[in-house]
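I've put the structures underneath this note.
In what follows, chain A forms one complex with chain B and a second complex with chain C.
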Partner chain A sequence: MTAYVARRLLLLVPTLLALTVLAFLFVRALPGDAAVAILGPNASAESIERLRETLGLNLPLPQQYGEYLAGLLSGDLGTSAVSQRPIAGEIGARLPATIELSVAALLIGVPLGIALGRFSARRAGSAADATSTVVAVVAVSVPVFVLGLTLQYVFAVLLNWFPAIGRVTNSGAEERITGFVLLDAILSGRPDLLLDGLHHLVLPAVTLAAVPMAVTARIARAAYLAESRRPHVRIALAKGLAPAKVRRDHIAHNSWPPLVVVIGLQLGALLSGGIITENIFGWGGLGSLVVSSIRTRDYLVIQSGLLVLALIYVLVNMAVDVVNARIDPRLRSAR
Partner chain B sequence: MQDRKSRPRGRLLVVAAVLSLALSACASADSNSQSQSSEPVDGGVFRLATVAEPAGLDPALVFDGDSYRINAQIYETLVTLAPGTTSEVVPALATSYTPNEDATEWTFQLREGVTFHDGTPFDAAAVKFNFDRWKNFPEALQSRAELYGTVFGGFGDAGILESVDVVDERTVGLRLSAPRPDLPITLTLPVFSIASPAALQEYGADEVDAASSEFANEHPVGTGPFVFDSWTHGDRVELVRNEDYWDEPAHLDRIVFKAISDAAARLNAVQAGDVDGADMINPRDVEAVTANSSLQLALRGSCNSGFVAFKSDQEPFDDPRVRQAVSHAINKEAIVDRFFGETGEPAWLLMPESIPFHDDSLENPEYDPDLARELLAEAGEPNPVVDFWYPTDVTRPWLPDSQGIFQAIAADLEAVGFQVTPRSATWTAYLQDSKTPAYGLFLLGWSCDYGAADNFYGGAFGYIDSAPNPRYQYTSDEFVAALETAQVAPEDQREAAWAQVQRIVYDDLPVVPFVHGSSSLAFSTRVHGYEPNPVLVEHLDDVWLSD
Partner chain C sequence: MTPELISPAVARRTGVLHTALRTPGAVVGGAVVVLLLLVAVAGPLLVPHSPTEPVPGGLAAAFAPPSLDHPLGLDGQGRDVLSRMIAGTRLTLAVGISAVLVGALIGTLVGAVAGSVGGVVDNATMRVVDLLLAFPSLLLALGIVAAFGQGRTQVVIAVGVTTVPVFARLVRSEVQRQTGLDYVSAARMYGSGRGRILLRHLIPNSAHLIVVQATLMLSTTVIEVAALGYLGLGPADPREAEWGSMLTEATLTMRTEPQLLVWPSIALVITAVAFNVLGDGLRHAVEED
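Moving on to the complex of A and B:
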């Protein structure tokens, strides 16, 4: 197992290196640059050129990449061209918000998806199955911003059940310890703030949970059905084993591996959907940072932001593989 | 000059008048007039949804609207704008100023009893420190202090600011190497905010090697009615009332500026009551706001124009008749009605009426497609084939719906014979590429930095190093001579001189203006006293909240 993890970790190096190249080239393929974005339409060509020099945008691309990589290797993510702040700090300040939202969305989406999937698998072909299929298809195909704005309008504006934006009420009483609102509320022993944080979390988390919920439901249904049709299930039932026990030990358990893989992959949807969700709900996370940086062509922030997102994605998927190897002994021996 | 301190607190009436105008069609006008008569209440937290986080809180180095507004609460300038105006200069940190005869020496009398938020005194030495700092910015910072360069013609000795002299504790003299009659209005720009010299030094404001200054992020210190409290990056900036303000302290206890980049989400947030105001309302949502009895709309007014621009040195646009044809082909009224509604006015001059020396005698060229066709025929170009450019991914007060407005104008042009090929680019690329010859015909606009004729005409069409602005290639010795005369004209000749400048551009048509656009804010009806301003110098010390 240790060797397996070590090898996966080693593979990270070329993956991330390729990623830095891709991110670097991607942002430079965007038309326009930060100097133009910062100085705006009234600026003279001369001052744009001067700022470009200050920002190092006039250097040859290989040199710019070399400097960026050298910085990365020494643990320096660089400096934002727009705010002139160190990027590591910018990302660090926003990461808790993104993680909190993603985890909440996973906690809502995955159990709901599994429950829905198994529910329809057990009733395959029934009206209930058809309904849940429709729900899943709708959830996966409604664009995140449409769902987000609609939920916001209905539940915040019309019904006033939940706040429309933000992570907290801004009462001034919050204490920033870890940057995780819920965790900070617990650490500082403030149940009111915990409730306030949860209250704010509901709409964005539900918005973001829609896609993972739907995908998980589809996979859970398929995996459950596939397992339930296998010969050993029939034999177990024929031997007179209690159906509930068969479902738990022979069907549900064996349908886990494909599910775990899909849940890991859902993180990609969470990270991309998170960018939109964060913008709608004024959720100051990594996603909104990347979006605003694309608008201002803040190259290094985009590069480093993407790198951190990708790193999370890669690490989680690695963790998923490891978990799977534990669940399914066949994966271990197959190595 | 009217003293800010003695200014009647009746500012509110002005904005209330604007608001009730905007609301005249809806039932809430009554409740609104009700609140006019009530006395301001102290206290409360005012939460405003903004488009973006500020770029930074060192006022000298940023000029985006969201930084402007926050900095306008923390800091003060020597002189500022009367609420809601773009050109009426009123005292702030200086109580008065006197220029010498040729406007090269300016003496400012400073207000007494003012202290910075860190307790250090505001005096002539502090003013000198700030001016010297701007003038001697290291190169890396110069490139971000664009407006200092614009106003003083460059940094260090390359600019016209010769020296800043401490005459006595309360008197500062600015000596210029060239006349600058409109110096006072330029000094209302938030980039000329006076910051605490002690804080600037202690928190390394000018250390460019230190990736970001602590000053601009954690310790912005000025003299304004609000004191910086905190900046949660990615989320919000909070200010609290300055209890030791030299004027009457502000009504609000606290202001929270919360960035929400999505316009629909901002509106939802103010409707849901999560914030008390939302900036930059989408023009197509304006009706929804005025129809909602729990909201009020505030229009900023305009300090800009949107126009169709030419490369005047390129065929077919080098023929003035072709440019005139464009001017008569565009149905400005229809475009304003359809895309701007209350938020725009048809335009024919570069600057709106509110700017001093606006020439009211020049009239909107008539919308006349037949005349446009005739002009094209006379020019021997009945069906010019043109690439017509518009920017994507941008909204501006003068361009709320880039593609829609482009299509409407293109249709007008095609109706008189032009054969239009639509071309588009993303905003940052567009700004860059519109300076190249590929852009013969394109949509653009001019947003003023400050409300003066020179900022419009000099800014857009003034020569750079004796060459015309590459974006328009508008070459006219007559214009340049008139501009230079107007820039330094003595007071009694200024009106005529600027009229001359406007007349030349009006006749030459290097661009065809079609709109003066306004941005707008939506507030809950609890909010009173917010004076919107097209140049975003918005002082919030008179804002108050009712229950």
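Moving on to the complex of A and C:
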């Protein structure tokens, strides 16, 4: 197991380097001069020259990359052209919102998907099975923004059950300890803020949970069915084990590995969907920062924002692989 | 076992459509897709009013409810919603289809070369393809739009690139599979070079799979095009009718004029489901064949 984790960590290095090269080339590949692209056509010649200096655009390319990498490692991502604040701070302030939303969506989508999938697998071929399959197909086909806007209109505007936008009612009222609204409310002993945060979280989290829920349900159903037809299940039943015990220990337990793989693959959908969901519900996370920076052409923020999102993706993917190897010993020796 | 000395495509041509026509999903999905394509192609002839300019007296009658003259009513700027929906069909499909064409073309080339050359080239390309395949497609598209600016062409490239890995994988495995078939050996013995075998035999014989995959991909690319539009990163001209950006505009007046959200949403879902169902039906037909 240790050897496996070590090998996986080692494989991470080239991937991370490739990502930083991409992020580095992104700004260098901007049409025309990067400094002009960043500052806009109306910038003065000397401010352009100054930015060229800070970005190191006068140096040879490999050296530029070296300096970029050194900056990254020391946590220096440059300064936003729009807000004039350090980018690392801006991203750090918004990261908790993105993580909170994604985790909430996973916590809703995955258990629900597994329950739904196993429920229909045990009734394969019945009307209930057909219904839940249709639900899953629709949930995958409906674009995130259509679902989000519909939920927002029905439950926030029409019924007024949930707030339409934002993470809290009075931003600034809460004590900022970790940046995670829910965690901060617990740490500062404020149940009212906790409820308020949860109240705001429901609609965005449900929106984002739809796709993972549907995909998990489909795989959970298939994995459960496949496992229940294997010989070891028949033997367990023939031995006289209680059917409930067979379902739990023999079928459900062995249908985990494909599920973990699929949950890991959902991360891409979660990140993509998160960018859109954050925009619908005014959720001040990393996704909305990247999109607004594209609109204002704040290239250095885009560069780092996309890099951080990609990093999250790669790191969590690796974590999923490790968890997988832990669950399914066969994978550890596989190369 | 008779050796396949003639291209399998010749033998296949008749069967697939026949099988596809027997699956109800493919028929319904296909009918909707044909209808959408007709609307898109005939769009300029169909639109009753200008999709980008207010109708005469429209500014004063903004948000007018449906009437005989304007079956879907007017939007906040006094423009005919039906005309905008029709123009949007054309734009969304044109951009979505172009993106898939770009992706299929590049993906086919990459996959065919990797599959037939093999070795280091194959390994290196597939590493990159796998990386791209795993990467969240919207992130990739955002990066491309961010670097090259807004506009139709940029959206086509951004969304098209995200489909490249899918086609590359598909064509590579198909090329590898067919290289072992007798008709390819026959062609090689006949004296055909590697390029000729690729272009005359391997790629045409993978065409049916590429078409099926392209149909399936269209349901995602259409949504992705609309997603970029929704995020305000679609066509450069904000007046242009595009389903995603129409939704963004509609959200501004969601509280008072929710009907404007309805049409683009329905159109998107129907389009995505139609391509999905049609592609699925075609795939079953091809697999059965």
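The rule is short, and it goes like this: the second predicted complex is superposed on the first by the 277 of 335 C-alpha atoms of A that agree within 3 Å, B and C clash if a C-alpha of one lies under 4 Å from a C-alpha of the other, contacts with A are read in each partner's own complex, and residues count from 1 in each chain.
Note that a contact is a pair of C-beta atoms (placed from the backbone, for glycine too) under 8 Å apart; a residue touches a chain by one contact, two chains touch by 3 or more.
Keep in mind the model is a prediction, meaning the values are calculated, not measured.
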Exercise. With the two structures laid over each other on chain A, which partner does A:V290 touch: chain B (first), chain C (second), both, or neither?
Worked result: second
For this session: Check the residue A:P62 against both partner chains and state whether it touches chain B (first), chain C (second), both, or neither.
Result: neither
Exercise. Can A:T150 be said to touch chain B (first), chain C (second), both, or neither?
Worked result: second
For this session: Considering only touches as defined above, state whether A:L30 meets chain B (first), chain C (second), both or neither.
Result: both
For this session: Considering only touches as defined above, state whether A:N279 meets chain B (first), chain C (second), both or neither.
Result: both
For this session: Based on the superposed arrangement, let me know which partner A:L306 touches: chain B (first), chain C (second), both, or neither?
Result: second
For this session: Would you mind checking which one, chain B or chain C, touches more residues on chain A?
Result: B
Seminar exercise, completed: chain A contact set shared between chain B and chain C covers 30-31, 145, 149, 152-153, 157, 279-280, 291, 295
Exercise. Where on chain C is chain A touching in the complex?
Worked result: 131, 134-139, 142-143, 145-149, 219, 223, 226-227, 230-233, 244, 247, 251, 254-255, 258, 261, 265, 268-269, 272-273, 276
Seminar exercise, completed: Listed in rising order, chain B residues that touch chain A in their complex are 45, 47, 49, 52-53, 55-56, 63, 139-140, 142-144, 146, 149-150, 211-213, 216-217, 232-236, 238, 254, 256, 258-262, 264-265, 268-269, 271-275, 393, 425-433, 435, 444-447, 449, 459, 464, 470
Exercise. Within the complex, which stretch of chain A touches chain B?
Worked result: 30-33, 35-48, 50-51, 53-54, 79-80, 82-86, 89-90, 93-94, 97, 145, 148-149, 152-153, 156-157, 160, 163-167, 170, 172, 176, 279-282, 284-285, 288-289, 291-292, 295, 297
Problem set entry | Contact set on chain A toward chain C in their complex | 15, 18, 26, 29-31, 141-146, 149-150, 152-153, 157-158, 267-269, 271-272, 275-276, 279-280, 290-291, 293-295, 299, 302, 306, 309-310, 313, 317
